[in-house]
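Here's the structure we're looking at; comments come further down.
By letter and in written order, the chains are A, B, C and D; residue numbering begins at 1 in each of them.
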């Protein structure tokens, strides 16, 4: 099940998505031990940020909805975590966010010295006003952010994370590739969406709106990855609603070289990564597939 | 449970959504008899159109996905249906589409003589290339279509139907209101999305991509209606994922004066309208609500 | 119970005659289906079509296809061991409840859903006569199997007389009703034949259940494509009682093309031809 | 089992003392919860907080809140008959399996989850001693109820001596372990106290289960906010065995603010203060 994702070796194609569990080094190492081929830290911002008040993360019938609001200790306060990550058994992806090109640059400067395997550029968070989606819905601004981060990142790979809210996600991916992206991550949470409690007569999330994840968004994620695959030649980290081996295989068939999971840890536990990797292997055996890489993008044939 | 929706009296707030069952007059009358407060015809185009090949409508775990592709006999071939609709026991909404302002105008001219209660302007179909979303993702083009239709519609009410793919649905609604819209319908199907069959190694819909409806899209629909309610003062026909009375109440609390249902007929049968209206009434009794209108927009207080 | 296709492996393909093939596969969801129910059968990148169950059992499911168009020629070229996509079963199916005697009338490839119906009638102890017709001998389906199961209660007709009685199934139906009135007439075949069957049953005061066909999209009652007046062929049908059909202005007259355009049954049949 | 709040009506509110209230309501999902599990309690437009179950029964569920901040002052101002939102129960709860004798140590509002634990221990026939402490008499919770249930096995301490023994719970715990070693020590209270309890248990060679607390968001193991080293307080805990805690570098030392910033337990407690 070993794969290579833009030059990074992974024991299997499963990746912990950003914002799930990854608040500290020890949890990331635990997830790696529980089977993830790579792990992503919770997105890091330019300064300490509280995030939104509770309720911030809720389950609904077909997935999760969250408006955590990008809390972060700020990149300056994370030395301790980065140091402890040196012996993580899987490659570490560091996710970053900012509200301006300058902020993205500052965070990149602050973390590049720790030499993460990949810098994930979060331009797609749907539940903050200043950060996130505004960069990810426009091909030009998306490219500007990628270019700025890439300049500072040097030999470290950079991977913008895109939003399904973009009206032409393929165009945005193409424009990021031209700006120097080494990979594309898609998708961030969908929406935003909203839960209302009829008895309370109120929106349930304190922020009212939040990003939708989990099984409900899988068809949207598959379509996005499919379209991006047709548009770029860099590899795709596909995510959104993957909870089992077949979901992961479908995502790879749509065009993903590796597959991210977040919400799945709620349904299947922290060892979701091992479970899904095993299910993928089982599927491969049943279908006489020797090398998982053969499946990447096959639905396009 | 009687309500008034932009001047139209309805026996209850439930409305059959466009594209579900409403291909002929007799089915529309059946749905009205089965409890719908109003019924919408399948969107009508400028000329005969085949739509996409099968598979066109599929269920997945959390809703439906469809790429029917706006088949239509064309407005010229529908006289028979319109005549038979004269004795429909609920108001009839006629949904129209076009690939240009001129086409929208032509269809409006063709149907306005039949005096439908409302003309629904479909600028939001996600599974055709030339019609649909391209008009609904831009505030200016959306307004142009509304203005053109409105001019021809005369005293007949017009109601653009919006897409959740728009990056600022509130702005689009506002711009439609300014252009003369009497109501807003939201939302059309989400996406597009995609289903892949791993065994077949192929997308399942013949059109590959299709609009997502049903329970999976409810949080997105609630958010859209919430945002539109804050932006306009014309009434909203809210839809997307409503399957039971509580869903309908939540949608009204978000700001909808009436609630549409399509996919629910799959889960609950053609009498979904009566079932949901009964459940709403039951909820009102339990919560001492005398007049359903009291609930419209209450989460905004 | 999610209505999306499941890929199943074709275990066995039987050549019924020049133009018909029966495909056998395992599909648990259909193992308790009723005769007259159908599947939506998907050939990736080709098309998806409604096809009746021609074999219903715990062990295997069968469908019988007439090879004649793009989709059916495609399925005819798929070898054993390959997969097709199926979803369903859909529709209501024939009801044999409380019936003691029946005449079944099968026309052309309408014989497909009749095969499991015959099995069911026999299993329910219903006195069963089968009138089975085709244009010519090579269009007949399951002839020897039916002979074995029904013996003298099998009546064959062909338009050209190349097998059985020369003439139409309806002629034999008339004779058989006159001979001994059954409690129920079941039928599947061209709509023009069904119209005639209904007329004869009405005149003789015999109940009937007829299987109809329209162009379909969803197959499960959502899109409205298969409408006949206010009825949905896919969900309210495809089997309808004579009483219901007698009230339908479109039965035997009007059907919808893919666009939804209403045309005469003849024009629809030219487009459709099965 | 969807983890979103359910609005429940406050059937009864009891004033335990000046600063603590217990709220009773019906919530079927929690009727079989384990002592030590908690709910996320939502006050619309105010906030949502993790609160331990202080009463677990088929008939009603109870939570006990110390009124001191924005959220808790808000709940204190809600009258009987009004609704609050609850989701859960979450966490692992105390395990009483196979235990014959126990000492329970409760500090301050840590007494809340101890109430159903005492009930459980008695029901399981466990020889139970309870050491219950607070800063002063008016901070004690469920005093008369515990007296009734435990008689001479209840030991009370206050920092100022206004009730029971003057001093800390840990002093009494030491005496009681010396007097008769229990199989298990259960505890809930300020982390500084828990740290001391762990030290005493380790020295005496007694097992223990301690209930921890961190700022939470999801409550069900997704967001990572409540991390203590590699442990999730909300899901792996909030009850941990002494063995596990002995290996944690953050227990008693470090916790995370809302931003995720790691700070000393003292700084966290100043922010948090419960």
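Here are some notes:
Please note the rule applied: a contact is a pair of C-beta atoms (placed from the backbone, for glycine too) under 8 Å apart; a residue touches a chain by one contact, two chains touch by 3 or more.
All values derive from a computational prediction rather than experimental measurement.
Any chain bridging subunit B and subunit D, meaning touching each of them, is among A; the list is complete.
The greatest centre-to-centre distance from subunit B, using averaged C-alpha positions, is reached by D.
Distance from the subunit A centre to the subunit B centre is 33 Å, each centre being the mean of its Cα atoms. Each chain gets a centre from the mean of its Cα atoms; for subunit C and subunit D, those two points are 68 Å apart. Subunit A and subunit C have Cα centroids separated by 51 Å. Mean C-alpha position of subunit B lies 36 Å from that of subunit C.
Multi-chain contact residues, meaning those touching two or more other chains, occur in subunit A at positions 60-61, 195, 197, 199, 202.
A linear topology is adopted by the chain contact network, the touching chains following one after another without closure.
Under the contact rule defined at the top, the touching pairs of chains are A-B, A-D, B-C. Subunit C contributes residues 2-5, 7, 40, 42, 44-45, 47-49, 83, 85, 87, 216-218, 220-225, 227, 229-230, 232, 256-262 to its touches with subunit B in the complex. Those residues of subunit A that touch subunit B in the complex are listed here as 60-63, 65, 137, 165, 167, 190-199, 201-203, 208-209, 212, 215-220, 222-223, 226, 246, 249-250, 253-254, 283, 287, 298-299, 301. Here subunit B touches subunit C in the complex through residues 19-24, 26-27, 29-30, 42, 48-51, 53-61, 64, 66, 68, 71-74, 77, 80, 195, 197, 199-200, 202, 204, 206, 262-263, 265-266, 270, going by the rule given at the top.
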